[in-house]
Amino acid sequence: MATLGLIEYKDASPKVRAVYDDIMATRKTDWINNFWKAIAHDPVTLKRTWEDIKQIMAPGALDPLTKEMMYLAVSVSNQCNYCVASHTAAARKQGMTDAMFKELMEVVGMANETNRLVAGYQVEIDEKFLSR
Amino acid sequence: MATLGLIEYKDASPKVRAVYDDIMATRKTDWINNFWKAIAHDPVTLKRTWEDIKQIMAPGALDPLTKEMMYLAVSVSNQCNYCVASHTAAARKQGMTDAMFKELMEVVGMANETNRLVAGYQVEIDEKFLSR
Amino acid sequence: MATLGLIEYKDASPKVRAVYDDIMATRKTDWINNFWKAIAHDPVTLKRTWEDIKQIMAPGALDPLTKEMMYLAVSVSNQCNYCVASHTAAARKQGMTDAMFKELMEVVGMANETNRLVAGYQVEIDEKFLSR
Amino acid sequence: MATLGLIEYKDASPKVRAVYDDIMATRKTDWINNFWKAIAHDPVTLKRTWEDIKQIMAPGALDPLTKEMMYLAVSVSNQCNYCVASHTAAARKQGMTDAMFKELMEVVGMANETNRLVAGYQVEIDEKFLSR
Amino acid sequence: MATLGLIEYKDASPKVRAVYDDIMATRKTDWINNFWKAIAHDPVTLKRTWEDIKQIMAPGALDPLTKEMMYLAVSVSNQCNYCVASHTAAARKQGMTDAMFKELMEVVGMANETNRLVAGYQVEIDEKFLSR
Amino acid sequence: MATLGLIEYKDASPKVRAVYDDIMATRKTDWINNFWKAIAHDPVTLKRTWEDIKQIMAPGALDPLTKEMMYLAVSVSNQCNYCVASHTAAARKQGMTDAMFKELMEVVGMANETNRLVAGYQVEIDEKFLSR
């Protein structure tokens, strides 16, 4: 049902295969999920998106688990079903337990609630928050 | 400009003061930010929201810093200006460094980008993600 | 700061004035708020939008107060600051009390919270909800 | 497909059963919809969410039908499919007719349209809306 | 599964049939897609929505292909699955090639990313953008 | 008010200056807007975002004006005020007339309206749209 269909490894061009190979090597896995197969019709976007994600999700000031949970939190908030399914799997692979997932969900729910209280009550930013 | 105005401590009812006191004691601070003063016109919502946040943001399977950064990530994604200002301050108080903030922003930006790639390319959920 | 500026009554074309006149007559008021002055640069959109709103917000199976409060609830949920300000005023004119506003805000907050719990817990639609 | 699965009544802990019982008693029904079964993995969130909804949706300054229709309006605006299905059913149970539903949809559609006109034309808030 | 079901041509009232006929004539096609059949339960909304779309999507300062691609871009950004499917088909009918679709997706993804960078970094509008 | 402040050219590191120089050269302008100065605190994100935008917004299957208008359409739909201001300026520079802007706004408004009609009427995707 994907707009342009899915490009399987065996049908992929060398340029696409190189990205698929790097995804599998980096993630220590032997399969490619549909997201990559769907955008592979645009090899430039495929390569750019993968390289951006690879760099952004690598360990830095934040560890990969925290980053994956943030990615999941945003995807939940945006109500992207595919993204919730795939990043739940990714976060679990990084070590997210069910207890962590439940707390993540509490935070996402509460943030969405208070974001709207702010909008409806038309709360102005406190002076203290404006000064650095 | 707040819809119903702001209720300052000196003008607050005992019920509202009790919440203000608990906020200041819990957060080890001596002031109340506008969000609470704006919703204090509805003491039931004020009390419920505060108690929910107090419970949800307490240490658990996730530490308070991780929770605050998730709250911030969702608020950024929702483009709630007040919430970004207040939760940036809250996250910093919990220990968020500038380096952490920058990586948080990278993740939020990337998640919002790929959430839309998924929608536009109409990517179906992989079988592997459906089975538990 | 409006993109194309605001068109005041005295500077308006007869076509735009006719819409302004109808807005003031329908709403029993003697002024036009900025929204209409901003979109008046596109007289076709001005006329269409006004006529749609006039028809949609008129009494029907739902009364005008309920409709205005729904309009406000959606605008709050979408975090449109101008819309919150203008539709709060409009709802009050229709009879919305502070007590009603507070309950409206509770509903909007809760709906936004549970909408995300549904997304994150990946809840499937119950069979009972699918059959009519 | 729910992230953590669904907890049926017969498999529920006493704490979860107590909430299920209260839901069924309050709603005068003999079944529990998937939303509750999905979040029951987190009994604290289950209990809190239910008690919040029970309190918020009870008759007050607004009647339960108006509240349910607002909840539905926000869920439609947020494009949460599960929420639309479940709250359409809930609103109908409270007395929403097809005629009411159609008018609700007109309001939600129009609000989403004008919210964007405001953003694109960069409309500034009128002085009159700022003064209380 | 549509809330009120779908109204087929043979079961439609003369008023609804007139709209269906105009849709087919305008689009040079012999079938009606589900969107129209679903909202046909509200003939006033059906007629208004169709006439608005017919007028808005007609050639003007922008050509129909550009308009359809913009419609698609917004629908992708809003993650409306039905809308993505139907407006992808509509845009292709107007001449959108796969290459155009891929570039459209790049723009939508990038816009969603930078929109959030702006929110999180709390970027203020440049003076130059305020003056006309 | 930007979270980390704005980095002016004279205070920028060579790495940041190189991006600023390329922005000014590519856009044939002698100033840098606040967006870049705000994210310049993260030189990696600055460079990546600029290079992505430079590549994506270049002429391809779609011309730069069409791309800028799509970017604007998405930003309007997302209600990002800064983005609306900056991309309105950018689109005008590429040749967007007021007439084009007005039609763009009509499309964005209508898409947001019908996206919600689809959600509320729970319209299922037509078989014809699923087959490629």
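Every chain is named by a letter (A, B, C, D, E and F) in the order it is written, and numbering of its residues begins at 1.
Everything below uses one rule, namely that a residue touches a chain if its C-beta (ideal position, glycine included) is under 8 Å from a C-beta of that chain, and two chains touch if they have at least 3 such contacts.
Just so we're clear, the structure is a prediction, and the values are computed from it rather than from any experiment.
*Asks:* What are the chains that subunit C and subunit E both touch?
*Replies:* A, B, D, F
*Asks:* Any chains in contact with both subunit E and subunit F?
*Replies:* Per touch definition, common to subunit E and subunit F: A, B, C, D.
*Asks:* Matching over half of the contact pairs by residue number, can you pick out the copy of the D-E interface from E-F, A-E or C-E?
*Replies:* A-E
*Asks:* I want to confirm something about subunit B and subunit E. Since they are copies of the same sequence, is their interface symmetric in residue numbering (over half shared, so same) or not (under half, so different)?
*Replies:* Both copies touch with mostly the same residues.
*Asks:* Please flag the chain sitting at the greatest distance from subunit F, going by CA centroids.
*Replies:* D
*Asks:* Can you work out the whole-Å distance between the CA centroids of subunit A and subunit D?
*Replies:* Distance between chain centres: 27 Å.
*Asks:* For subunit A versus subunit B, what separation do you get between their C-alpha means, in angstrom?
*Replies:* 20
*Asks:* Using the touch rule from the top of the page, what residues of subunit A touch 2 or more other chains?
*Replies:* In subunit A, the residues touching two or more other chains are 1, 3-4, 39, 45, 52, 77-81, 84-85, 88, 102, 104-106, 108-110, 112-115, 117, 119-122, 130.
*Asks:* Of all residues in subunit B, which touch subunit E in the complex?
*Replies:* 72, 76-77, 79-81, 84-85, 88, 104-105, 108-110, 112-117, 119-122
*Asks:* Show me the residue ranges of subunit A that touch subunit B in the complex, using the header's touch definition.
*Replies:* Touch residues, subunit A against subunit B: 1-4, 31, 33-35, 38-39, 45, 49, 52-53, 56-57, 60-62, 66-67, 69-71, 73-75, 77-78, 80-83, 85-86, 88-89, 97, 99-100, 102-104, 106-108, 110-115, 117-126, 128-130.
*Asks:* List the residues on subunit D that touch subunit B in their complex, please.
*Replies:* 1, 4-5, 44, 48, 52, 55, 130, 132
*Asks:* Considering only the defined contacts, which subunit F positions touch subunit C in the complex?
*Replies:* Subunit F reaches subunit C through residues 79, 84, 88, 98, 101-102, 105-106, 109.
*Asks:* Under the touch definition given earlier, write down the residues of subunit D that touch subunit A in their complex.
*Replies:* Against subunit A, subunit D makes touches at 3-4, 39, 41-42, 45, 78-80.
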